[in-house]
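Step one of this worksheet: look at the structure below.
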Amino acid sequence: MIRIGVAGASGLAGGELIRLIMQHPELELTFLGGSRTVGRRLVDLHPGLRHDPGLVVEPVTPRLAERCDVMVLATPAEVSAALAPVLAERLPCLVDLSGAFRITCSDVHKRWYPSVDRPDGLVERFTYGVPELLGDELAEARLISLPGCYATAITLALAPLVLGSGLRVDSVLVDGKSGSSGGGLRPRTADLHPYRSGAITPYAPTGHRHAAEVGQFFARRRAGSIGSLAMSAYGVSNVRGLLASCYVQARGDQLDDRSLHRAYLRFYRQQPFVRVRRHAETLIPVPDPQAVLGSNFCDLAVMRDDEGDRVVVLAALDNLVKGAAGQAVQAINRRFGLPEECGLGMQPVVPA
Amino acid sequence: MIRIGVAGASGLAGGELIRLIMQHPELELTFLGGSRTVGRRLVDLHPGLRHDPGLVVEPVTPRLAERCDVMVLATPAEVSAALAPVLAERLPCLVDLSGAFRITCSDVHKRWYPSVDRPDGLVERFTYGVPELLGDELAEARLISLPGCYATAITLALAPLVLGSGLRVDSVLVDGKSGSSGGGLRPRTADLHPYRSGAITPYAPTGHRHAAEVGQFFARRRAGSIGSLAMSAYGVSNVRGLLASCYVQARGDQLDDRSLHRAYLRFYRQQPFVRVRRHAETLIPVPDPQAVLGSNFCDLAVMRDDEGDRVVVLAALDNLVKGAAGQAVQAINRRFGLPEECGLGMQPVVPA
Amino acid sequence: MIRIGVAGASGLAGGELIRLIMQHPELELTFLGGSRTVGRRLVDLHPGLRHDPGLVVEPVTPRLAERCDVMVLATPAEVSAALAPVLAERLPCLVDLSGAFRITCSDVHKRWYPSVDRPDGLVERFTYGVPELLGDELAEARLISLPGCYATAITLALAPLVLGSGLRVDSVLVDGKSGSSGGGLRPRTADLHPYRSGAITPYAPTGHRHAAEVGQFFARRRAGSIGSLAMSAYGVSNVRGLLASCYVQARGDQLDDRSLHRAYLRFYRQQPFVRVRRHAETLIPVPDPQAVLGSNFCDLAVMRDDEGDRVVVLAALDNLVKGAAGQAVQAINRRFGLPEECGLGMQPVVPA
Amino acid sequence: MIRIGVAGASGLAGGELIRLIMQHPELELTFLGGSRTVGRRLVDLHPGLRHDPGLVVEPVTPRLAERCDVMVLATPAEVSAALAPVLAERLPCLVDLSGAFRITCSDVHKRWYPSVDRPDGLVERFTYGVPELLGDELAEARLISLPGCYATAITLALAPLVLGSGLRVDSVLVDGKSGSSGGGLRPRTADLHPYRSGAITPYAPTGHRHAAEVGQFFARRRAGSIGSLAMSAYGVSNVRGLLASCYVQARGDQLDDRSLHRAYLRFYRQQPFVRVRRHAETLIPVPDPQAVLGSNFCDLAVMRDDEGDRVVVLAALDNLVKGAAGQAVQAINRRFGLPEECGLGMQPVVPA
């Protein structure tokens, strides 16, 4: 059994990670880390999880390294930036779910995370990326920084176009729609049920920090690969789930529906968690985040739209699973040589 | 009192129209038209409305003209296309809420409404458009075709750029998000509560017929005004409301936030139902359709996004009010010389 | 014009009151009172309301009496208890929406409102009750305390049985279901959207303070009229609306469906805001709070259930309208000699 | 591997069963049965499930018995009543999720299921009940009829009082609140999203057929054990989940909170799927169906309410899991000698 600790155990991503660990045959939860919730029991924090009387929240100290083979930071970026230097040398594997170590370039990092100070030299040691696109890199990784929920969806949506074809992608416009769980549990008036329940809220109409990650990721893989990448983000009434609508201006052959669909199928042939779907293949249109709820799937569909001469790529995932906790388990499976789907076989809960 | 009849009285737009007529000091409801619901009482059809024992659904026949000064067709486009020729000569004013008489060009009409046959020569006699942009045209109009809910939002969103500035609009991409009431009461599995409740559903990812109206409208006002107009449409968990996100590539001076906001304020200065808002002026981000629920307002905000070199215009409205029944009352007010806000002073029901 | 001020202008009930005042032909809003929001404009506080640049939140001081003919306290009970003594002598009419002056008996008051201290002798001067059951009392009232949202629904549900018949009501069990707006805008984790959205939450399973009001009200009218009154309250995913299910053990003749329905019709014949309905009279079962949303209606239905030998009375209302702001306007209309429906003619927004 | 077939594969309970079978290590799905959906693939019917190209809907014929060790009828009661006689002799195990074989007494059956004709003599051969209360009966059962979703909750809620204590239960009043998935996928207007979304709908205010099952179950265990059992049922905006509020008049000692809680803990000590909880033990009040979503748990809490001299028992479960498909798997595990939790270890998806 691989011993795993969770810092930020009281948050939504932390709770989801604990859920997945409880369902995983090779992971043993040995540490719950927190600050304001120190001393609280698991049952106090997460109303649904099976009670485990032995688990109580503790402060995160270097000592916990003795009890863990891997630690996941499900903490705000500020906290991750403070904890990572302390833990990096002491643990065989450290996984950060926050934005603290995603963006390498200091200037870009500062623009999007102005309050997150990182020690020099640490970010370069992190392996960053969606597991599907990292090949064997994770097998040796000691420090892992996982993409944001939107970045995961957008990267998976664009990769076959940018990396897998002879196309030239001139510009991408992403319109993101997501549920309230992405915002965590901060008690702001706009996030209280009365105002969030019926909202279609333009919370980031001119730019989102996850777009910066995506640009960096592709720029490193193949320079200049995306001419421009703009993003607008909206909150809708769902709790979980996001849909990233990617509107792509591309040049090249084989931009018809059929060729695009085939190219996507081919690109993700080996990937158990990416489902390339046809828009009308089921009784509801897909991709729709409700069709992946609670699972580690990312559903994709690609289409040609003659109006505007564009390619439409849709990506849906559960932001707390494939966008956070599930992707962490997937990365840990790869890191520790387990089958990639180990403990992640849960099917979507549909309808919910 | 102006005597008004409603055809399609059992539908959602019909019900909303009856609500507004009941609240209007100068309109008297004298006819409820339907086909499958003939003989039903108002209380059978609309659970919320004040009971009126005298109102029973009747078939729509030429005779009803004796009882009405104005008739609103809140019927499917196929039905409107069949009723309009019969009623056009007999009534002082006929208002159609469907798509039957919106698109003048036959080829374009057939592409988007293949099952809607219109008699020759009728569509040209309809006055089409958002009241705010029609000037005095409605005062004399005998046949009025009102824009679709999305077309209303998009037209209002783009008009200051296309008509009111020295800008050149090269291309527009619209990402629309709307509630379930836009789809009416057809009993499809995907529209049953279990599947529609948690959905972010890409129901029209590559084109929407309302976009065709918008293109036609601006083309007639100033030829070639919009280079291209593409649209994708999504359903979310709301019942009412839509948000149209318009991403605009434009050229010209004064494309900064402040100039754009001022230009919009100026353009709509005289219009009581269009509110030009700042994105962060209230405790929730606006425009958000929840902030106009039940009212005839259309909320707009315009912003510059340096990423992608674009202008973002957001438009929110209640599809059953400003997108249908409220706009009909507004047009009727103009047509019959009443103050434009007469009977439309209801404030949004927020939060709901 | 009657000049009206609103204390607690930033809350949900305050906002709803401002909405209704804006729609009212005889009320002029002359004062917005608050504490933490002093200096904020109306548009900052309530995202939907028509902007009025002249209205800014001010502290509540005795001076405001010069600007108001009537003041409504839409404040927490603690605040109402502090403000009422200051304002009581200075204003022609003061209306309190909180629980501060509902319960006359000090011991009962202290049990349910332990943190609300009232000066001696003030509560007795308040007129308390649902307007429908107060006859002419409101016409002379200087101090008015309106029932809680649940108390309004339960009182209206039970009055025909308790007051209007020869029945003997042995016991009543109320199961209440309500939306999140009843809880106001306190930032508690359980009220954040992620947890409140899918909840059926037993927030008060063994008792609710509104039940105490109801018991007191009937006890005063006809001693011993209800043997016992128990209540359990649950939160559901709605924002607005409540349904009070009253399960009544009663003895007497005429306990069949038809007699009960007729007795209710008779009892409320003159009341424009109480609708006695048949359960299956419309396309959805009623009473359902969605069928009164945004309006001042209270829908009732009464039925005999042979199992358990009981009478079932259902009452649905919009807690922010008939349960708070609308009822306040209704009381003010009565107080100032306006028609009871003045400014309250808005029909329900259905579906929403 | 145990070969399992599902009749009614296109419904909500059928889909949920397939989900659980896919997650179960000892069950192999070998047959999908249907009528109107014959020839459809799994991916056509259930938008979330992992695609399995080999599975196509077939008509249910006696022949399928060769391919199945156990068959689950997730069909309407009329269909189950027709299929069961055909299949009963041919399969080692037949499990019915419908109401066709729940009620033994013909008169009671006919009252609640007037359109469901059963052959003589068959219902007596079915083993009926919640697995937790059946002891070893399931190990030998060839024909199994599982309780309705509400009946499961109410039976588990009342069993410790009725069966496990020296109390006398005079009367029970159940107020049930449930999501829309309980109603299946019938296309009725009231179940379309616009009307169901904001509803608190009294769909069965004076009686529910699940109450009849509960009464029968306890009557057989200990005659006269419940004096009377009445029920009212309401639909709320959730898709999944139900909360049964049981208001109990009981006589005896040890009716205080602490004694009751202990008695419940003791009664269910050995039962992995029943969680006896304290109302305020977590950050949201429990039991709340959102805290068991997607899992096979039933959460219970018991409390004394001095008002009305009653005991309040709350039971929450996911109607598609513990109320249908999960309970079926649990029964099959018991029937085939597998550990009761085999394949049912999924933790609730919270919040969702």
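As written, the chain order gives the labels A, B, C and D, with residue 1 at the start of each chain.
By definition in this document, contacts are C-beta pairs under 8 Å (C-beta built on N, C-alpha and C of every residue); 3 or more make two chains touch, one makes a residue touch a chain.
These figures come from a predicted structure and were not determined experimentally.
Where touching is counted per the definition, the chains common to chain C and chain D are A, B.
Placing every chain at the mean of its C-alpha atoms, the farthest one from chain C is found to be A. Centre-to-centre separation between chain A and chain C, using Cα means, comes to 46 Å. Chain B and chain C have centres, each the mean of its CA atoms, that are 35 Å apart.
Centre-to-centre separation between chain A and chain B, using Cα means, comes to 38 Å. Shared interface positions of chain C, i.e. residues touching 2 or more other chains, are given as 12, 181, 189, 194, 197-198, 237, 239, 283-284, 286, 288, 290, 293, 351-352.
If you check the complex, the residues on chain A that touch chain B are 171, 173, 175, 177, 189-190, 194-195, 197-203, 205-207, 211, 228-232, 234, 236-238, 241-243, 245, 247, 279, 283-290, 293, 301, 303-310, 312, 314, 316, 351-352. Interface residues of chain B, counted against chain C in their complex, comprise 12, 15, 19, 22-23, 43-51, 181, 239-240, 275, 281-284, 286, 288, 290-295, 345-352. The touching residues of chain C, counted against chain A in their complex, run 12, 180-181, 185, 187-189, 191-194, 196-198, 237, 239.
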